[in-house]
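Once you scroll down, you'll see the structures, which are given as structure tokens.
Each of the next two complexes has subunit A plus one other chain: subunit B in the first, subunit C in the second.
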Partner chain A sequence: MKALLRWETALVFVLLVIALSAGSGFRSSQNLFYLGLDIGEIALIALPLTIVVVAGEIDLSVASVLGLSSALIGVLWQANWPLEAILPVVIVVGALCGALNGFLVTTLGLPSLAVTIGTLALYRGLALVLLGDTAVADFPPSYTSFGTQPVPGTGIPWPMLLFALLAVVFGVLLHASSYGRAVFAIGANAEAARFAGIRVRQVKFLAFTLAGAVAALAGIVYTLRFSSARADNGAGLELAVVAAVLLGGVSIFGGRGTLFGVIAGVLVLGALRNVLILNDVPTEVLTIVTGLLLLVSVLAPIRGRQDP
Partner chain B sequence: MSALARFRELGILATLLVVVLGTALVNPRFLAGQSIQDLLLNASIIALLAVGQTAVVLTRNVDLSVGSVLGLSAFLTASTAAANPDLPVPLILLLGLGIGLVCGAINGAVVALGRVPSLVVTLGTLYVFRGLDYLIAQGQQVNAGDLPEALLGFGGGTLLGLPNLVLLTLLVVLAAAHYLRNHRSGRELYAIGSHPEAAILAGIPVRRRVFGVFLASGLIAGLAGALWTARYGTVDAAAGTGLELQVVAAVVVGGVAIFGGSGSAHGAALGALLLGTIASSLAVLGVPAFWQQAITGALLLAAITVDRLLALRLAAALRRAARRPTEVTG
Partner chain C sequence: MRPLGLLATVLSGALLISACGGTTRENSTGNGGPTGSATTANPQAPLRTGLKITYLPKQVNNPYFTVVRGGAENAGKELQAEVKTTGPSDASAASQVTYINTAAQQRQDALVLAANDPNAVAPALKTARAQGMKVVTLDSDVAADARDVFVNQVNSTDIAVKQIELLAEAIGGEGEFAILSATANATNQNTWIEIMKQELVKPRYTKLKLVETAYGNDDDQTSFQKTQALLAAHPNLKGIISPTTVGIAAAARYLSSSAYQGKVALTGLGTPNQLRAFVKNGTVKSFALWEPAKLGYLATQAAAALASGRVTGSQGQKFAAGSLGEYTIGQSGEIVLGPPTVFTTDNVDRFDF
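This part shows the complex of A and B:
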């Protein structure tokens, strides 16, 4: 626990160093606004994925669910559905995608890595079947402004407000509810948790379902932000989200991690990218930095863990 | 256990036959020599990578960086070959192997010495190697016209009617299958994946073996990069992006248990061939390309589900046998 705290303290410290040393360009409200928009989807998906990883599982299909929900928005919009009707349907479909992952992992006992590599292809494939390689882009500005505009009277982008709300919900769920305690117990030792009377299957099933639903929500934000529903939206994002969660100090073995750390991890990744872009560092370097951060983040907590 | 493994490979082979014959019934040209050759050629690079991945997965690890290693090796070999047109083909292949060796050693060192989960490590190096690739390429691409004839000739050439790449893949598959089945250190990989702690207690040098499999996976991915250059000629920094998931899919479809300890190199290669054949067959049958990914995903899920059900039945059978020891010995 001490090592984890140290890790999160270090992340916040890194964040402060970035913010203070980055120059006024970074701290301008305009730039911070774009930073908030830029990390929106990753930040959202990282919340439920934290629960999945703490429970000792992984979900690589989240970016495909994002793409599927974007394609679904496009198809239903073309069929003249009102957006108010589309959005709940999309979130339900996302939850169903997550539930299928959860079913395969919990009821059939399949490894989540293999299952979600399979559904990564399946859901992205279904998105392509729905919408092909076309784009639906004729959304009215009254809708797309949600993805691009600040909450009136503040400099906070709408998606960040949504994120803040969900962060509180997931924070309570993971750290202040019996469900959260069950998640940690399962991640630490699923056998022991079962003997302690925790309903391991239900807990994991819910975690996957939540991941699907929030990934669909991120698909809505993504689609509105770019005013474009496409089947390939968010392709490859799964690795960035996993990177953010692990950078936030969550153990890939399960059982350890905090939502606070993950939020710090998302912000560090986003801020670092932003600063590097502001300083005209080539995007290739961003990729390398992301990877190195991931390596450092797994090496550091494990070094700490060997102390006792 | 070996009966189950054999059944798995027979199952893949049977599925493969059904797909090939079913498609040929609709379109007989699917069985023409050229078409079969294309099938094998298209599957060969994935099959090659799947062999390296098999060794890694057997030890309960995974190497997600193979697509990036392939990309890095493809661009470096392509640009080197373009700049030195007189370089003989074997040297270019060696260069690819060397790049793979370095990448594999980095993965292996961090996983084995740092005792860090391979999923995270190779996710990290996936980014690092790909970033390096883009940094070196600087947005440029090497065109087939810039490459020496000998290299392209090797990539498109045949020997005894079989494409060179297919022969090379076959060679690697057979060597790996032989090694995994008959060599002590190969058998030890199964022991490590089945029960890492027991393997340590049994005196198996687990760290050295795990380092070894990442080295092997890197070497093969590096070689695959050089072959990619020889095959396609036109290479940019994006070569092989996303390939890691196809490779893991092939390995899993090929019956290699993702939790380690069970599977074979030829099974994984067959898995790659099956996935490739299904993709071609869908194209021949006129199924829109958009369906391919969904079907691949569904197939992968079906494969691991069947595998799981078979494993459960096998475990139940073993338990029954254990309760009646006389029948087993008799």
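This part shows the complex of A and C:
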């Protein structure tokens, strides 16, 4: 735990260094607003994914659920559904996608890595079947402004406000509820947790279902932000989210991590990317930096654990 | 960690960005339509020097867009403008938005971009335009109210008609031919194919017969196999038109390694570097394409004319585009580069792209 706390302190320190050393362009309210929009979907999905990873599992299908929900929004909108009706349906479908992952992992006992690589392809495929290569873009500005405008009277992007609310919910769920304690116990030793009377299957099933539902929510944010419903929306985003979670100090082996660390991880990755792009650093360098950072983040907590 | 303490830290973390953000963002509500400072063009306005222009390709390290970049940079030198290239490494719909926002943030005078998605980038472009940045699209357009002008490489009719003409020449005006396209729902390819079909109705082409349209999915291997399949399925095939650079290169490779070399004609859209060897060994007699460097050059010239207030993007306005001469802005802000360039053994060595 001490090592982890040190890790999070380091992340916050890195964040401060970025914020202070970057030019005034970075600190301008406009840039911070854009930064908030840019990390919106990753930040949202990282919340439930933290629970999944702490429970010792992984979900790589989240970005495909995002794409599927975007495609679903497009199809239902084309069918003249009102958005008020579309949005709950999309979240339910997302939850069902997550529940299917959960069912395959818990009831059938399949490894989550294999299951979610499979559903990564499956959900993306379904999205393509639903919407094909077309893009639906004629959403009313009153809705798309949710993804592009600040909360009136503030500089806070709407998606960030949504994220802040969910962060509190997930913070309580993971760190201040019996459910959260069960998640940590399972991640540390699933067998021992089962003998201690923890309902391992239910706990994991719920974690996957939450991941699906929030990924669908992120799909809504994404679709409105770009006012473009497409089946390929968010392709590849799962790696960014996993990177953020691991950078946040969550152990890939389960049982360790904090939501605070993950939030710091999301912010560090987002801010770093923003600063590099703002300074015209080529994309290749950007990718290399992210990769190195991820390696460090996987190595550091392990090192801390072996060497208490 | 205690729950309350945790809650506080989570909250502060989540709100860090927005807290730094301070009060209302300027222009946050004003992202309507074009709001350029000059609503009327002044053709006599001096051409501004020292302009800052960002070139945003569909993806960086794409060879085609690297050639376009060369043209943009040449124009930049002539105009004494600072042209820089930035962009995502993947050509996904949304990945360009960050770079558009950054350009706005860096107070660039103009943005020249090839859009990955006509709609996904529109809100960001509108916001940037509301802040005074001029937007020129090239190669792939966006929603018309999100940019000032669109520089189209070629008129769809010109390029389609030219390919039929090249095929007719290559096979002596009669016989069966096939089309090897990109994906079945590629908008530009389908437009061209549609125009080709209309062209075939004309009396001089009555002896040309389109027997099949195959799709190589813009994948080298698939296009290679589809070529093989076309030749197997149609023993009397005299020629193939491939209106895609990936398709024509794969087809040329197959033909030149088979007994059909020189017997089945191949034409379409390709780049000189891809096809030079095949022109020289007789597999391809002629093919066409616009010159991407000219595209980047023209778009940058247009960007400078816009940023200098010489044009506003309305139909009928004229501007001087350096070595390319004068251009007129067409309907809905469209500028057409010109007729396609035809490459043959005579001129293929003069181009490097």
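One rule holds in what follows: the second predicted complex is superposed on the first by the 307 of 308 C-alpha atoms of A that agree within 3 Å, B and C clash if a C-alpha of one lies under 4 Å from a C-alpha of the other, contacts with A are read in each partner's own complex, and residues count from 1 in each chain.
The criterion applied here is as follows: a residue touches a chain if its C-beta (ideal position, glycine included) is under 8 Å from a C-beta of that chain, and two chains touch if they have at least 3 such contacts.
These numbers come from a predicted model, not from an experiment.
Student: Go through the superposed model and pick first if A:Leu267 touches only subunit B, second if only subunit C, both, or neither.
Tutor: Only subunit C; A:Leu267 stays clear of subunit B.
Student: Considering only the touch criterion stated at the top, classify A:Pro282 as touching first (subunit B), second (subunit C), both, or neither.
Tutor: both
Student: State whether A:Phe226 touches subunit B only (first), subunit C only (second), both chains, or neither.
Tutor: After superposing on A, A:Phe226 lies in contact with subunit C but is clear of subunit B.
Student: Name the contact category of A:Gln149: first (subunit B only), second (subunit C only), both, or neither.
Tutor: second
Student: In the overlaid three-chain picture, which partner chain does A:Gly132 touch, first (subunit B) or second (subunit C), both, or neither?
Tutor: Touch status of A:Gly132: both partners.
Student: Kindly classify A:Gly236 by the partners it touches after superposition: subunit B alone (first), subunit C alone (second), both, or neither?
Tutor: It touches subunit B and subunit C both.
Student: So in the superposed three-chain picture, is A:Val214 touching just subunit B, just subunit C, both, or none of them (first/second/both/neither)?
Tutor: So A:Val214 meets neither subunit B nor subunit C here.
Student: Is A:Leu32 touching anything from subunit B or subunit C once the two structures are fitted on A? First, second, both or neither.
Tutor: Touch status of A:Leu32: second partner only.
Student: Looking at the overlay, what does A:Leu246 touch: subunit B (first), subunit C (second), both, or neither?
Tutor: Touch partner of A:Leu246: subunit B, not subunit C.
Student: Of the residues on subunit A, which ones does subunit B touch that subunit C also touches?
Tutor: 132-133, 236, 282-284, 287
Student: Within the complex, which stretch of subunit C touches subunit A?
Tutor: 1, 3, 6-7, 9-11, 13-18, 20-26, 28-29, 31, 60-61, 84, 86-90, 92-94, 97-99, 101-102, 104-106, 117-124, 127, 143, 183, 185
Student: What residues on subunit B touch subunit A, complex-wise?
Tutor: 62, 110, 114-117, 119-121, 123-132, 134-135, 242, 245, 248-249, 252, 258-259, 288, 290-298, 300-301, 304-305, 308
Student: Can you list the residues on subunit A that touch subunit C in the complex?
Tutor: Touch residues, subunit A against subunit C: 5, 15, 19, 25, 27-36, 38-39, 132-133, 135, 137, 144, 148-150, 153-157, 160-161, 163-164, 167-168, 171-172, 175-176, 222, 225-228, 230, 232-236, 258-260, 263-264, 267, 273-274, 277-278, 280, 282-284, 287.
Student: Write out the stretch or stretches of subunit A touching subunit B in their complex.
Tutor: Where subunit A meets subunit B, its residues are 58, 104, 108-111, 113-115, 117-126, 128-129, 132-133, 231, 236, 239, 242-243, 246, 252-253, 282-295, 297-299, 302.
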